[in-house]
Amino acid sequence: MKTETPEQPARKKRARHPRKSEAPGTLVSDPNAPKPVIHVMGYGPEELHEEEVHDVGALAAMCGKWSVLWVNVDGVGNAETTARLGEIFGLHRLALEDVTSVQQRPKVESYGEYLFVVARMIFPDGRLHTEQVSMFLGKDFLLTFQERPGDCFDPVRERIRKGQGHIRQAGHDYLAYALLDAIVDSYFPVLEDYGERLEDLEQEVITVSDERTITSILGTKRDLLTLRRTLWPMRDLLNSLLRDTGAHFTPETQIYLRDCYDHTFQVIDMLETYRESASGLLDVYLSSVSNRMNSVMKVLTIIATIFMPLSFISGVYGMNFNPQRSPWNMPELNWYWGYPFALTLMLLVLAGMIYFFRRKRWI
Amino acid sequence: MKTETPEQPARKKRARHPRKSEAPGTLVSDPNAPKPVIHVMGYGPEELHEEEVHDVGALAAMCGKWSVLWVNVDGVGNAETTARLGEIFGLHRLALEDVTSVQQRPKVESYGEYLFVVARMIFPDGRLHTEQVSMFLGKDFLLTFQERPGDCFDPVRERIRKGQGHIRQAGHDYLAYALLDAIVDSYFPVLEDYGERLEDLEQEVITVSDERTITSILGTKRDLLTLRRTLWPMRDLLNSLLRDTGAHFTPETQIYLRDCYDHTFQVIDMLETYRESASGLLDVYLSSVSNRMNSVMKVLTIIATIFMPLSFISGVYGMNFNPQRSPWNMPELNWYWGYPFALTLMLLVLAGMIYFFRRKRWI
Amino acid sequence: MKTETPEQPARKKRARHPRKSEAPGTLVSDPNAPKPVIHVMGYGPEELHEEEVHDVGALAAMCGKWSVLWVNVDGVGNAETTARLGEIFGLHRLALEDVTSVQQRPKVESYGEYLFVVARMIFPDGRLHTEQVSMFLGKDFLLTFQERPGDCFDPVRERIRKGQGHIRQAGHDYLAYALLDAIVDSYFPVLEDYGERLEDLEQEVITVSDERTITSILGTKRDLLTLRRTLWPMRDLLNSLLRDTGAHFTPETQIYLRDCYDHTFQVIDMLETYRESASGLLDVYLSSVSNRMNSVMKVLTIIATIFMPLSFISGVYGMNFNPQRSPWNMPELNWYWGYPFALTLMLLVLAGMIYFFRRKRWI
Amino acid sequence: MKTETPEQPARKKRARHPRKSEAPGTLVSDPNAPKPVIHVMGYGPEELHEEEVHDVGALAAMCGKWSVLWVNVDGVGNAETTARLGEIFGLHRLALEDVTSVQQRPKVESYGEYLFVVARMIFPDGRLHTEQVSMFLGKDFLLTFQERPGDCFDPVRERIRKGQGHIRQAGHDYLAYALLDAIVDSYFPVLEDYGERLEDLEQEVITVSDERTITSILGTKRDLLTLRRTLWPMRDLLNSLLRDTGAHFTPETQIYLRDCYDHTFQVIDMLETYRESASGLLDVYLSSVSNRMNSVMKVLTIIATIFMPLSFISGVYGMNFNPQRSPWNMPELNWYWGYPFALTLMLLVLAGMIYFFRRKRWI
Amino acid sequence: MKTETPEQPARKKRARHPRKSEAPGTLVSDPNAPKPVIHVMGYGPEELHEEEVHDVGALAAMCGKWSVLWVNVDGVGNAETTARLGEIFGLHRLALEDVTSVQQRPKVESYGEYLFVVARMIFPDGRLHTEQVSMFLGKDFLLTFQERPGDCFDPVRERIRKGQGHIRQAGHDYLAYALLDAIVDSYFPVLEDYGERLEDLEQEVITVSDERTITSILGTKRDLLTLRRTLWPMRDLLNSLLRDTGAHFTPETQIYLRDCYDHTFQVIDMLETYRESASGLLDVYLSSVSNRMNSVMKVLTIIATIFMPLSFISGVYGMNFNPQRSPWNMPELNWYWGYPFALTLMLLVLAGMIYFFRRKRWI
């Protein structure tokens, strides 16, 4: 799993401040965006209809046809499609603008007739990558927008198709809950990957760490911070769904939302634990750098402390004082046991040094 | 007491996100789970009935037979048993799902007729290990689930059997309090063990610390953090029991709950004090690494500073300038006292260096 | 983009405590201030009037002439002009004093008839530089003050002139919103510049960092802190506009304000992420200093550890013990293979050292 | 003043979790506890009665005899005495259990008829040592428990005996206030001692610091943290007395309580300032360790940088190339001024080095 | 501007816990205190009376004589004077005790008839020095106490004397506001001094820092912390004046108080910015110590790495192997180009080393 860095240039090009001279609520088309794919699921306890819609206008006739109508749009770059959808379902243009500018924080906004929910889902696809999911929960429709094809909603679709659980018996609000729950659950495997990465780093930091290690630790920390900036608003989102919007959610679904809210707590607990671990790793890293410096210094000191006195002794007996001139001038040079005496002296110094280092517990 | 690390792989296998394609509220059986053991205690002021129940259906007839009915289930891996219990006592399937997915944070949820409480108890058995305890407090039953046999409830059972205190006179709410109190009290000895471990580390860090020491400090810090993530929700749990649920607890039991709430404060106080100690130890560790580096450097510097000038002097008198060629070429070599002069010079340098180090307070 | 330092002396001269002996509410003229430029825009759905006004008195007649009247004043140093404007529009002198002392935090104050809003806008002109914008939102006027010519309002003016969006249909409150929105949006490009600067520093810190690097990191941190001190009150300002002042903003405009409030959240998210990055950079910097010290020490230790033993050997065979006096006195000197033996001995020591360093992974 | 360490083993023996198998509300006798001493003061504006009571039963007759009845019990280890007192004054057994288990946090609990207050007082007797004081404030009695004889209440007793202030005119609530005020004031001298200790450490840390210094700083930090954990609940206690319990305190006494509440703010201000100082000291300590390492390294570098080149020069002229073989082989050895030339060369190198160090400001 | 240290002993002598055995509300005289100076200003729109009063009793007749009566007392050490003033104006003795014990935090207390306000003012006189100002705001008087002569109220007095602003038209509440405003404004120049000091330290820390630098940084940090402990309660004080006390302040004065409240925000913003700067300086300091250590180490390593190999070469050719004994024994010594060969070898080693250092960017 790579850190977020490679994605940042891309994000920067998608302008974060899209309208220098546009009026607020203006929808801007991205000319490179692929055509949005509109997928419709209509179902009730006994019926199920699934269709890919190519003509947006056809949706108007679908409202109310089944007990639940889920319109999912993959791709938000086409302003015209988005605007037409807005007309058909009667959506505010500011909400539509938030749909197209995909850097929104998770939030929930009530527009009276319908709720507007922005969430962010994540893919366990090898890099940190979140995608904005916008939902409009109206009385007779649930309209969702994603940035691009591919999502974490397949289990929900399967449940609808197979009639598992009571999703077919429940209404739009339960479907909205099920999607939010799928989004929250999509964070678990990603966070577990970070947990494993941190365990690997923990090994690395003690054994063979270098500057890549600290870059890696800090990259992980930054990723976790990015996740945190997504997850706390997700929790707030669920909390305000729980508290504020009695009209849109039935009491039964409220109980499910409370469960989903608990899941965000669990995700955030994992996240905060990993963030603490990453901070701890930084401490270990810095202390292991110090420790290695210490051991380098010890080797140097041992070598210098042993060989400097020995070299000094050999240096003394390399002096050229003239023994012929006086009996005091280096008589050792002419002793019978002179050389062995010097070597013995050196050995004694060596033994003393080794004893000293042993006592200091350096070797 | 080992750190939590060995337990983590086990936890990872028990999936944290149990239903990729399951509807919420689906109970998943763990095929390796042992058969749950159901232990029933029914009692009143004058009566006491204790029984191990093998047929779940028999429980239906027991409700209301004694003034208090406590059904304790050891083992949550068998979906069928859990589901049948849910039917008999009329429990919501989301609550039952929380019973089986054992990574819940402590929390309390009101389902109208009954309260659902999740707590985590701890064993002082040599490793950090918390176990989820789920409680359903209804009008005529108290149903508790544990992950596996063995708990901290034996003192409560003894009190029931011997009729100590007024537990036999009191109702289900008092029993629920007594169990929560036993759970909170189970944290004290564990925390005291951490306190002793920190005292040992405090000794170690000053005397013989190496990289295992910092790993050990950080392991302790992480364990305390894990405990913190359990204990703060425990406190919130008791606080919301105190505030929110007048219908389930009598005023008399409320006073007992307040006492239990105070205990969580005491546990958390101990915990936070130990966390501060652990952070302090990290500071001591890092500064003792620096200090040891300092003392290594001093030894090196003393040795080098003494022997480099001495070696230089011996080097000078080892030069081969020809004294025969000029009276200025190393006349010392031919002095009568040349060698003693050189040695004296060396001794003076040595004395000067020692004086210098003394003044610097290095030796 | 330079750090704020060069601007600080300038700010210091503009006194932060303007009235040592003045009564509160006294307006002080800055004798060096240029004459304020008053620009008037009056418009309605069908009409548009734009004018530069030189006689302040002429404004009195303009109130109510168009459905929206926007009076923009560039330059606040002229006390007389400000005071006359205050008289014409019936403004409190304390608010006027805040207009002229340009170190105000963003805030909103209700004076009954009109709202007084202080915001700070920013220019992406190469240095961190915020400018106070004061707004009076009355029933039939919007009066804005800026410190000097040049602002981020041109897109709004263009929209008015071209009738884009529904600004021409809306009232003074929408105009006030549009200006605040333009101010908030002006922070995005500035923050993105800081983001790029941090990416550059990230490269620099690993490769060629020196003390300028840390000064640069800390300068960036300080700039971000300064922005933070501006942006959090901006958020509070928008929050209190949303909550408190139903009378001044129509429900429709409230929805726009909520959108603008969301933008402040996005800006603050970016800001906090960059602040974390800057703190992370500091950690990388300190650890890269330690790492470089480590590698310097390794070179020293390798050199010393190799050459000290070698020099010792050469020192031994440079001693002058007299081989003629005894067979024990340095017989090696007279061996046939004496010199090759010494060189071989040295090579063996060298090989041993290199093996030792390899095993320690130092080379 | 020693740190808390010596007290900790004692505290550990006094079990923090006193009832493994006891019902809550059970009072446990400490067999080694001395017999409690019960001291009674009864007084009114005109009367004063002081007595040491040996038979607990005698207290029942005393209630209502004087306008104020203060029963002070020294020693809480005797369960029987405590239980009898509880019966006579009608106290809840959970409160009595809190009286005997002396590790309570300061708190206030209302039991309807009477208030139960737990505070902690401190002695300036050379070590950090807090003692639990439990108070029952009823309509016609004030009952206080202390762990052992000796307290900070003598000034209050003196005021009662001498009739100073209006304590003799006031009721039980004022007496309770006076005792709490005495307890809060007992923290001031202790904190001032810590302030002086920190000033001493500030001197030490710059001059002669070693590992004891950091242990001492951290010990002080831990003591201050312990005090903090006592003082914040004391403040909360006074705050809830101020807010919650109109029935127990007269408006006049409320004013006095507010004053006492202010004192807790002052104590906490001192405490937090000292905590910041202690953290600052840690920074100074670490930086002074670094600085000393720096100066050690400088000495080493200066010595090595001076003597290595000098030794190299002497080494060159100690080579044994044969000058007889060629005019290029070390002609210096036979120069007339050879030796002075070499010495001069060395002096020049030395001067160059000293100039270099001067420019680097190392010497 | 010196740090607070010199003042601390003085403060310690002025006892922080003034009444060991005194009843609360007892006023203690300081025998060394100078006689308090009582200055009276009575004024209305048309009249102005200024007088120094020596007989406290004369004040009783002055109440109500002018529309505004301001009694300012310099010196609080004389218990008798303070007590007489209390009697005349009907003040509570606890408030009077707070007047005399001059270590109070800023606060506001309502005593029904009158407000009691404690603030702290500061002098820009070269050291950090705050002085307690106590105010009693009654219906027909404003009574202020200062610790000693000299204050920041002269601009207010001038405005009264000259009738500037509308202070002569306004009541006691406006006067109280004007004094509080003067107090808040007195912090601006002091904080600007700290700002300049921090800029100086910023220069120093990079160029010539030693241990005095860190002491200076930490002293500044501590001073700023002390100011913080004063300013936050000042803000709370103004906030509670704004919110709580409609009866004492007219709506018009409330607007002025809100302005003053804004000023406390500005002061606190400056303060917090400087506190961040000081923390940043500490980081720069520590990193510049590391950097300097790094550069010291580099010099050492360069010197050692150059001269150790060179000395080794010279050592080799200083060995005394006998060339006469074998053609393998140091034939170089007898080469014609032996000495130039050795010198060239040394030069090559030197060049190699310099190339190595260049590549490592060390020189």
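When the chains are written out, they are named A, B, C, D and E in that same order, and each has its own residue count from 1.
In this section, contacts are C-beta pairs under 8 Å (C-beta built on N, C-alpha and C of every residue); 3 or more make two chains touch, one makes a residue touch a chain.
Quick caveat: nothing in here was measured; it's all calculated off a predicted structure.
When chain C is fitted to chain D on its Cα atoms, the angle of the rotation, on a 0 to 180 scale and to the nearest 5, is 145 degrees. One simple way to say how far apart two chains are is to compare their mean CA positions; for chain B and chain D this gives 26 Å. If you average the CA atoms of chain B and of chain E, the two centres end up 42 Å from each other.
Residue positions of chain B with contacts to 2 or more other chains are 286, 290, 293, 297, 300, 304, 308, 311, 315, 318-320, 330. Following neighbour contacts from chain D out to chain E and onward until the ring closes gives D, E, C, A, B. Those residues of chain D whose C-beta lies close enough to touch chain B in the complex are 12, 16-17, 19-26, 92, 94, 97-98, 103-105, 107, 109, 111, 208, 210-211, 214-215, 218, 221-222, 225-226, 229, 282, 285-286, 289-290, 292-293, 296-297, 299-300, 303-304, 307-308, 310-311, 314-315, 317-320, 323, 330, 332-340, 342. Residues of chain C touching chain A in their complex: 154-155, 158-159, 164-167, 178, 181, 185, 188-189, 192, 195, 199, 206, 255-256, 258-259, 262, 265-266, 269-270, 272-273, 276-277, 280, 283-284, 286-288, 290-291, 293-294, 297-298, 300-301, 304-305, 308-309, 311-312, 315-316, 318-322, 325-326, 328-330, 360-362.
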